[in-house]
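The following pair of complexes shares a single chain, subunit A, combined with subunit B in the former and subunit C in the latter.
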Partner chain A sequence: MSYSEIERQWTTRLRRRFVRLLPPEKLLPDNQPTYVSSWIYVFGVTTLSALMVVIASGCVLAIRGPQWWHTSSVGHFVNSLHLWSVEIFFFAMVVHLWGKYFMAAWRGGRSITWMTGVVTFLVSIATAFTGYVSQSNFDSQWIATQAKDGINATGAGAYFNVLNMGQMLMWHIVLLPLVAVLLTALHVLLVRVKGVVPPFEEQAKVSA
Partner chain B sequence: MSSFINFAAIFPLTTLGHYIHWHFIQISVANLSVIVLMVITFITALVAPFPGRRRRRENR
Partner chain C sequence: MSKKNFRPDVDAEPWKGGYSPYDIVKEATIALVVVALLTVVLAVFFGSPDDPAITIKTWSNATPVDFAVTALSELNGTSGVAQYGAPYNTGSSGQALGPLKLAKWVGVRIPVNTVTDFVIDPLKALPDQPLLTQALKQWKNASPSTRTSWVTNYTKASSTMTFANRQIVVNATNVGPVPLFIDDLTQMAQSGALDQALVTQAGFYTTDYTLPLLFLADGSYLANQAARQHLTGDQWGMMNETGNYPGQAWLWLYTFWYQVAPFNSSGNGDVLVWGLMMALSAGLLLTPFIPGLRSIPRKTRVYRLIWREHYQNVEES
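Here is the complex of A and B:
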């Protein structure tokens, strides 16, 4: 194969484009600007860490099944770990959202980063909701029967039936986590491409 | 095990929850507590000194 043929290959062009967009030192940086040394910047990575525990504990629950998480003490522990990591996930994500909102984190060409964060938040709510109706207990039955009229009123009930336990479980353990994890990965990559948003006074110094 | 059961009894989970009702707003005390805790965490994150921040500024 000649040199010009290699140059024309889509794999070559895609690799070069990706490396140009996100060189290794930007993908895995060893330092950050001084303004990042504030507690308000730690909630993004707290959310990410909680998500890892959510996924790991969810995988254990999927392997062992409802009989295990309802009856054994270890099952109760992992079930609680899954619930409380979700609580921390949402807690940290909301504080992260407030912080980024008041920083106007969409500045400097970061609108897509902001939007992927917003959509991830909405997908996470749907994932948590399908989790609550998949517990296979009286609580999940109560939540499903309370939610069905609201969901049906939107017209989505034909495709998203909260009383269908099997369907809700599939949404919860396959479709929605897949979307949430892919969006989170995209969000983190976009943060790496554009960098962490600077405070207003730092941007003013750069602009001056 | 018995101490664990005693600890769990501090937060009774089998009784009805407490709710705050003000005009059209109705929220459980549990949910309101989480929101208040998030606001406190947010404000603390803005004002609390971050370890090593002064040293980094001096090095700059």
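Here is the complex of A and C:
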């Protein structure tokens, strides 16, 4: 194969474009601007860490099937890990979101980063909700029978039946986590491409 | 970009200041270990709730009259499901968001006929019941007006309904097979056979609990158990779960609207709350493009707390 043929390859072009957009030193930086020095930055990485624990504990629950945690003390403990990692995930995510709001983190061409974060938050709420209604216990019975009215009122209940445990479980363990993880990956990559938003320049006296 | 065209809530000058060493992999690893350990500690100390599911057997044995009254409401068309509308039936036009009748437009996609699905079909599944077989034949051969007359007469007398000697008793005349239906269905429920019949109507393998959950929700037993666990709508129940657990605390705003007018009193409350939450979510999503909303961070100056160290350095230099 000639040099020019390699140059014309889709693979070569895609790799070059990706590396130009996100060179290794941007993807895994060894330094950060000096303003990246606040406790608020911890909550982004905490959200990601909690997401990993959520997925890991969910995978363990999936191995033995949806009834296992009702009948096994080990299963119940894994369910507790799943529950509390979800609680940490949402706590960290909400603090991260408010922190980014008050930093106006969409500035400097970062609006898509902000929007992927918001959509990830909304998808995460839906993911957690489908988990609550597919627990197959009293909580899931009550939450599902109450939630159906809201969802049915929008017309969506015709296709998204919260009383159908099998359907909800599939959304919870396949469809929504897939979307949430892909959105999270995109969000993190966008943060790396654009960098962390700098502080407001207070000296500049300009109008909005 | 010239200073004149610079929009402080939209634009940000590239950073021209200093950089400090930052080990992102080390930070991520430490965060993961800390979060994992914290999760283990919380799981060990607090566990997670798992109250067993309520069955129709439990309900009908605990409060047989409530069960029988609910079964009658499925038969006479006054139950919540019978009058629900889409996606289950055409019992009502459903909720409307202004001129938008969203559920009605989508139509009946999960058909539920409360008479056949909750009463007649389950009774047909009972084996070796000559009297019941005769009663079902009588029901089948009767005209719609005769059936309505039987059910209406029984409903009128049902205020005196009692459960004695393991039987549902109502003193009523000209009611056809209705008393037998209600009594047999109650006994079927008490044996646990109705739970099974409602689940397996779609076949041997199923994970769809739409029918038994709708039947349970039509009675008052499930709601009474939920009220004891502070789970009803006016108890902020949508974000709670059984026991003293945080539940879905992130639904606080969604739950909040159900506590205040007009949402807590409107017949269209659900769709109004959903419409409002959709609008607020869109607002959050589009914040970077909404003048005023995107200026709040700059005007409130909360960012001074976040970048405290940075501004101290700027002021000192």
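Details
Quick note on the criterion: the second predicted complex is superposed on the first by the 199 of 208 C-alpha atoms of A that agree within 3 Å, B and C clash if a C-alpha of one lies under 4 Å from a C-alpha of the other, contacts with A are read in each partner's own complex, and residues count from 1 in each chain.
Simple rule for what comes next: a contact is a pair of C-beta atoms (placed from the backbone, for glycine too) under 8 Å apart; a residue touches a chain by one contact, two chains touch by 3 or more.
Keep in mind it's a predicted model, so treat the numbers as computed, not measured.
Once the two complexes are overlaid on the shared chain, A:18 sits clear of subunit B and of subunit C alike. When the two structures are aligned on the shared chain, A:95 is found in touch with subunit B, with no touch to subunit C. By the touch criterion defined above, A:138 lies against subunit C but remains apart from subunit B after alignment on the C-alpha atoms of chain A. In the superposition on chain A, contact of A:84 is made with subunit C only, not with subunit B. By the touch criterion stated above, A:37 is placed in contact with subunit B and with subunit C alike. Of the two partners subunit B and subunit C, more subunit A residues are in touch with C.
Subunit A residues 34, 37-38, 40, 42, 87, 94, 99 lie at the interface with subunit B in one structure and with subunit C in the other. Residues 34, 37-40, 42-43, 87, 91, 94-95, 98-99 of subunit A are the ones that touch subunit B when the two sit in their complex. Subunit B makes touch with subunit A in their complex at residues 34, 37-38, 41-42, 44-46, 48, 50, 52-53, 56-57, 60.
Contact residues of subunit A toward subunit C in the complex are 28-38, 40, 42, 45-46, 48-50, 52-53, 57, 69-70, 76-77, 79-85, 87-88, 90, 94, 99, 101-104, 106-108, 110-111, 114-115, 118-119, 122, 125, 128-129, 132, 135-147, 149-155, 157-159, 161, 163-167, 169, 195, 197-202, 204, 206, 208.
Note for the complex: subunit C touches subunit A at residues 3-4, 6-15, 17-25, 27-28, 31-32, 34-36, 38-40, 42-44, 46-54, 84, 86-87, 94-95, 102-103, 105-107, 109-110, 206-210, 213-214, 216-217, 222, 225-226, 229, 231, 233, 237-238, 241-242, 245-246, 248-251, 268, 270-271, 273-274, 281, 284-289, 291, 294-295, 297-298, 300, 302-303, 306-311, 313-314.
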